[in-house]
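You will see subunit A twice below: alongside subunit B first, and alongside subunit C after that.
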Partner chain A sequence: MSAVSTLQGRLAEFDEKRLLLLATFVPFTLFFVLVWGVPIGYALGMSLFSDPTGAAEFAAFANYAGVLTSELFSTALFNSVVYALSSTILSLVLGLGLALVVNREITGGNALRTMMIFPYLLPTLVVIFMWTFLLDPNVGAVNQFLLDYGLVQEPLAFFSSTQWAMPAVVVASVWKYGSFAFFILLARLQAIDPNLYERARVEGASTWQAFRDITVPHLRGAILIIILVRGIWMFNKFDIIYLATRGGPLDATTTLPIMVYELAFRGSPNFGGATALAGIMFMLLAAVAVVYFWVFEPEQEVAN
Partner chain B sequence: MARPIRLDTVCKEYHTAGTTHVAVDDLSLEIPEGSFTTIVGPSGCGKTTTLRMIAGLETPTSGTIHFGDRDVTEVRPQDRNAAMVFQSIALYPHMTVRENIAYGLKVAGVPKAERDAAVDEAAETLQITEQLDKMPAELSGGQQQRVALGSAFVQDPDVLLLDEPMSDLDAKLKAELRVEVQRLHKEMDATMVYVTHDQTEAMTMSDHVLLLEEGRLAQFAPPGDLFDRPVSQYVAEFIGTPSTNTLPATVEAADDGPTIVGEQFEIPAPEDRFADRIGDSVTVGIRPQYLSPDEGDHRIRVIVNVVEQLGTEFVVHGTSVNGAHVNVVDESVDGAGPDDELSVGFEAADAFVFDEHGETICHGDALVAARSASPSQ
Partner chain C sequence: MVIEDMARKRFTRRRFVGAAGTTATLGITGCLGGGGGGGDTIRYLSDRGDSSDVIDEIIAEFEGEYDYTVDVTYTSRGTSTDEELQQMLAAGNPPDIVFDTSTDAYRYQRNGNLAPVSDAVQGTGLPDPVNVDGESYFAPTIVEPLMGWYRNDIYEEKPTTFETWRSEAQRVTEEEDDIDGYIVQSGQTNNAATATTQYLWQNDVEIYGGPSDNIEVTIDQGDNRNRAVETYSWLQEMSEYSPTGSGWGWGDGTQALQQENAAGLMSVGGLPILTIRENRPDLVENLSPTGFPIPEGGQQDKWWAYMEGHVVRNDGDATEGAQEFARFFSESDRFLDFVLSAPLFQWPPTEEGLNSDAVQENEVLAEHQDAVDLIRDNWDAFTTVLETGDGGVPNIVAADAYGQQMFGQSAEQMLVGGRSPEETVDWIAEELRGLQEE
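So, the complex of A and B:
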């Protein structure tokens, strides 16, 4: 009797909990497989064939070898790392600085906080229009400013000089994406018990010591996640760079995603090479992410 | 080195949206060095603001604060050699208990070996040696409070400030920590200022009690004085549980001098203080503990509402004939129950008399001393 009722109990439990689990899990899994798994598998499959969309022929890792040994690969990898690191670090620094300022409850802090969301909401196309206009050598405000204050002798063609194209793209990217770090860090800052700072002051800690010993530990997890997520996004970023410079001049801003696009859609299409390069990017990011999690443990949060 | 704390005409105002809120109003007093002083009062009376000004976390709008001879009014909290325990306890959640206790020493540049020795000593005193390697989140409320006390202890401050440190603890832990805090005070060479809204804590722990009323000083005196010689009706009613009974009365001229006449009692009053008050209405205050069914020259009748038994004594909550709320605390109440009428009496020596503004006219001893008291009933 009791065994039966236990069994019935288990069945009932199965019915309710498992059904709920299945009802939520199955559609998501299907969606994930169809929208992510299949295309990824298909693309990785394509990377093993030469001319996969035409006279497909199994080529094993020839595409990978071709991409890796191409002259452009090292340049594009270097550009990608430079772009991802600098735009991530700068937007983190900018976001942290502004979050610290707004968190001080200064006059206009609320207005600043509201304004911070706008760059993130603006379409990338608009952002690039704005920045190409601002940085334009003939009519741009930035060049006007530099000339007026005698910082340069003649206007700089930011987006079309090999020296300035990458910094210009990074500045535009930081302007657009800096608010991401800002909002996450501001939320974390506002969750810190203000009494901790007061206690630290009474205990004799300077502002810097309080920042180092209270603020930084509380922000550590958020900062590590921002670096990881923003870093991956920036490494894969295509639109903002392509719209600004098309990867030029002279490949100065050609990152790996732009190289993938160039391989796939420019000149003679090379889908095998493009998908192989995409696979390489995926593995690079995966390796970095695994090491990152292992070394920094960003999931370790300050327990409140 | 403990230091006296002197507040001189300290005011603190807050301005919000065009209105000015006076949190502390013209507060002047001297807290003796090495003493244990409690600031007590109802919510919003300015006690925490006063403490925060002593800590340096707030700057007075006007007035000065001295630690000994040193004017600290504008001195940063970092440079006052004070320690503070917060109501929220405020342990650094990402540091172990040991790091929490040692933090003040660490920022002061004390070498690690010395820090560890100080922490070990404090932990032993506070019985938290076992907890030193844990994180604050792993501790119970009482243990967290001990850690906060420990971190104040190791800093060897001149002034130790505690802001309602026990308000979130249960009664048993409170009683335990009360003893702990007093023991720490004996071991430390520091002037202690303790903020609480719990007058029992204030009365049991301190050398001096500062009672505030809406930012102003109501009375600053040893606890016994607050109980026996309140300067106003507010003090008499705030200190002591249950609250002091207040009975309306008038001063009338009798053949043998002024007499305080209430609903059912007549108390002969001293000539010097009452002669010019004939016809005034006054309030007679009498503590529930001094009302007794069996004794007392002056009697009042009380309709019993509720009787509570608290171990060896009973608390009667009742209403006097004229509707005033009257509490009686006694060892026996003759089996009185709800709706019974109880006759209770008091001695003039135990009464207080307040004028219509709530200021004390005289305490019971003056009532007795001035003229030989004679039963008036």
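So, the complex of A and C:
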């Protein structure tokens, strides 16, 4: 075959297959660059300047150093980790428990399944209004219950005390987002072959052994994905915390996203510091994601 | 033929890549080059969306007389002017004129962001709180004094002194079911910051001293320290007769009063009564206005009044038009209509305006003559937090402290964080000095 015909063949192949690939790839790449790449690059660029929206001066990594050495950073990082871990794990436990219940043929199972979607559909503002009302120290039903049964002597100011604010925000978050884990795990549970349980029962396995050796291995991939995705979402969560406590009292619920907002828009605005902190958050999450994929290999679980 | 095909195919690829590249370039150009506006469009940022009818009429008159159009952005509910402004600046679309406080105006001027509005202020009889080197940078349109409201059907007497407020709040809390005697706000909110500052002023605490270019923090020195500790101690005691007001803004306090969870609060002007008139008209006659507590035998000599008005930025496209608009707004026949679009909450910036026919004849004000009298009787005591240098000169430390709601945070440090009043005074003094070093 001559070189010309070889080239012709390759070009024909290019036209038929790769052009199609290119036609689909280029718009997506452009979309990615415009919608994600440009804003991220713009923000990271801003983080290298002092007063980037005014009299901008190149400051190299001074904004990063300023943020990392500020008193609030370690508090906000700690709060972010506590909030993300506790709300993710509790959502997972709650979702798993309810999914196991609903997966059995019980009375009201369908109703429960339908009800589980409602917290997820409710606007965050409504959820916070409801929880601040429930937990209100003056008129809240929770405090009324605690007082009536003698569990506390004085009403608890859940969203206004340093020891209770974070747990209160976590509870509200788990209530709203718990159904995410529920639906994923329920779908995975329903995909498990019932014959596996039947065979295990015939061979004398207990309920616990069946759960440990059949259910858990089948759910492992879904659980790992929930931990990663939900964990990242909760680490970046802003609205539910800000609406509930605005990061207070005394920074007890100030997470990194709240700190970004405070730097950018409150008091003496510091956009350079805010974008630097956003960059730090991005790098932290990227590092966590890399370690996660390296250690747990969730893609293998999904493939299996 | 093969060469021709190759050329055609290469041409096709080139055209494809070229078209994609052109599209991308146009897209990027479109994204980056958006916004802006000609020099004949004035971009106006205001948080007075509730008064938009009057503002729109003033704008229509202005556009009829001048070759400018005014593009108004009203801040969305829950978003402060500061936040909206920062978002506009970050997007590269700064407004030309902003409705803001005199305190913020001074901060912007310090940062070199303002153009003067002297024509709208000097020689007009309006106050001139942000005058730097003979140029005025703030055109006042309204004042909003702080004001207290209490339940006249629950309080046995009108509380005036620190002690009568304390004893009545205690009695109400102990004797009445499900209602606290008072509201103590704390945290990083304007409500908590202004109230805490005013309590200190009431007890004659000189928080600052010195001229504008050499402000000194004096809250923790000599008798000031003793009086500040005394004030924080009183606040600590009052918090026992209050719902937990951590993080409470203006609306939270009003809501507690409206829901009958509390019998007294300090707020801004008639904001609570305006809300309660809408939602609980049955409560209106049970609420009376009052000033902040004063020491036994003392008198009211310094009363926090917000002053809000127009500032013109120097980085917009229509600076001159914005300066014209600021002047036109202040001179407009509809000026008092704007002020009275929120009666009891907004007041005219001059005593002449307070005594005008429009104010005298306003129906809402007539129904709350006691509030009008309170304003009239204390007019000379009204001051902004900005005017707290020696002799009332502008005080940039106070402006920055207000911007970060430091005094609300100080109350939070004590009431939630467990600091003693003495430690709280040390904390706020250190924070204020920290602001000076920034």
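In the analysis below, the second predicted complex is superposed on the first by the 286 of 304 C-alpha atoms of A that agree within 3 Å, B and C clash if a C-alpha of one lies under 4 Å from a C-alpha of the other, contacts with A are read in each partner's own complex, and residues count from 1 in each chain.
Just so it is clear, a residue touches a chain if its C-beta (ideal position, glycine included) is under 8 Å from a C-beta of that chain, and two chains touch if they have at least 3 such contacts.
Predicted, not measured: the structure shown is a model, and the values here were computed from it.
Aligning the shared subunit A places subunit B and subunit C next to each other free of steric conflict. In the superposition on chain A, A:214 contacts subunit B only, with no contact to subunit C. Once the two complexes are overlaid on the shared chain, A:206 sits against subunit B while remaining clear of subunit C. Contacts of A:196 after superposition: subunit B is touched, whereas subunit C is not reached.
By the document's definition of touching, of the two partners only subunit C reaches A:137; subunit B does not. Within the superposed three-chain model, A:239 lies out of touch with both subunit B and subunit C [touch as defined at top]. In the superposed pair of complexes, A:22 makes contact with subunit C only, with no contact to subunit B.
When subunit A is checked against subunit B and against subunit C, the one touching more of its residues turns out to be C.
In the superposed model, A:266 lies in contact with subunit C only, and not with subunit B. Geometry note, superposition on chain A: angle between subunit B and subunit C about the Cα centre of subunit A is 150 degrees, to the nearest 10.
Put simply, the nearest alpha carbons of subunit B and subunit C end up 44 Å apart when the two models share chain A. Within the complex formed with subunit C, the residues of subunit A that make contact are 4, 7-8, 11, 14-15, 19, 22-23, 26, 30, 33-34, 38, 53-55, 137-139, 157, 159-162, 245-246, 248-250, 264-269, 271.
By the touch rule above, subunit A contacts subunit B in their complex via residues 193, 195-196, 198-206, 209, 213-214, 217-218, 302-304.
In the complex of the two chains, the subunit C residues touching subunit A come out as 2, 5-6, 9, 12-13, 16, 20, 23-24, 27-28, 31, 80, 82-83, 86-87, 89-90, 92, 107, 111-113, 178, 180, 186-188, 243-247, 256, 259, 261, 315, 400, 403-405, 412-413, 416-417, 438.
Within the complex formed with subunit A, the subunit B residues making contact are 55-57, 76-80, 82-84, 86-88, 90, 92-94, 103-104, 107-108, 135, 137, 151, 155, 161.
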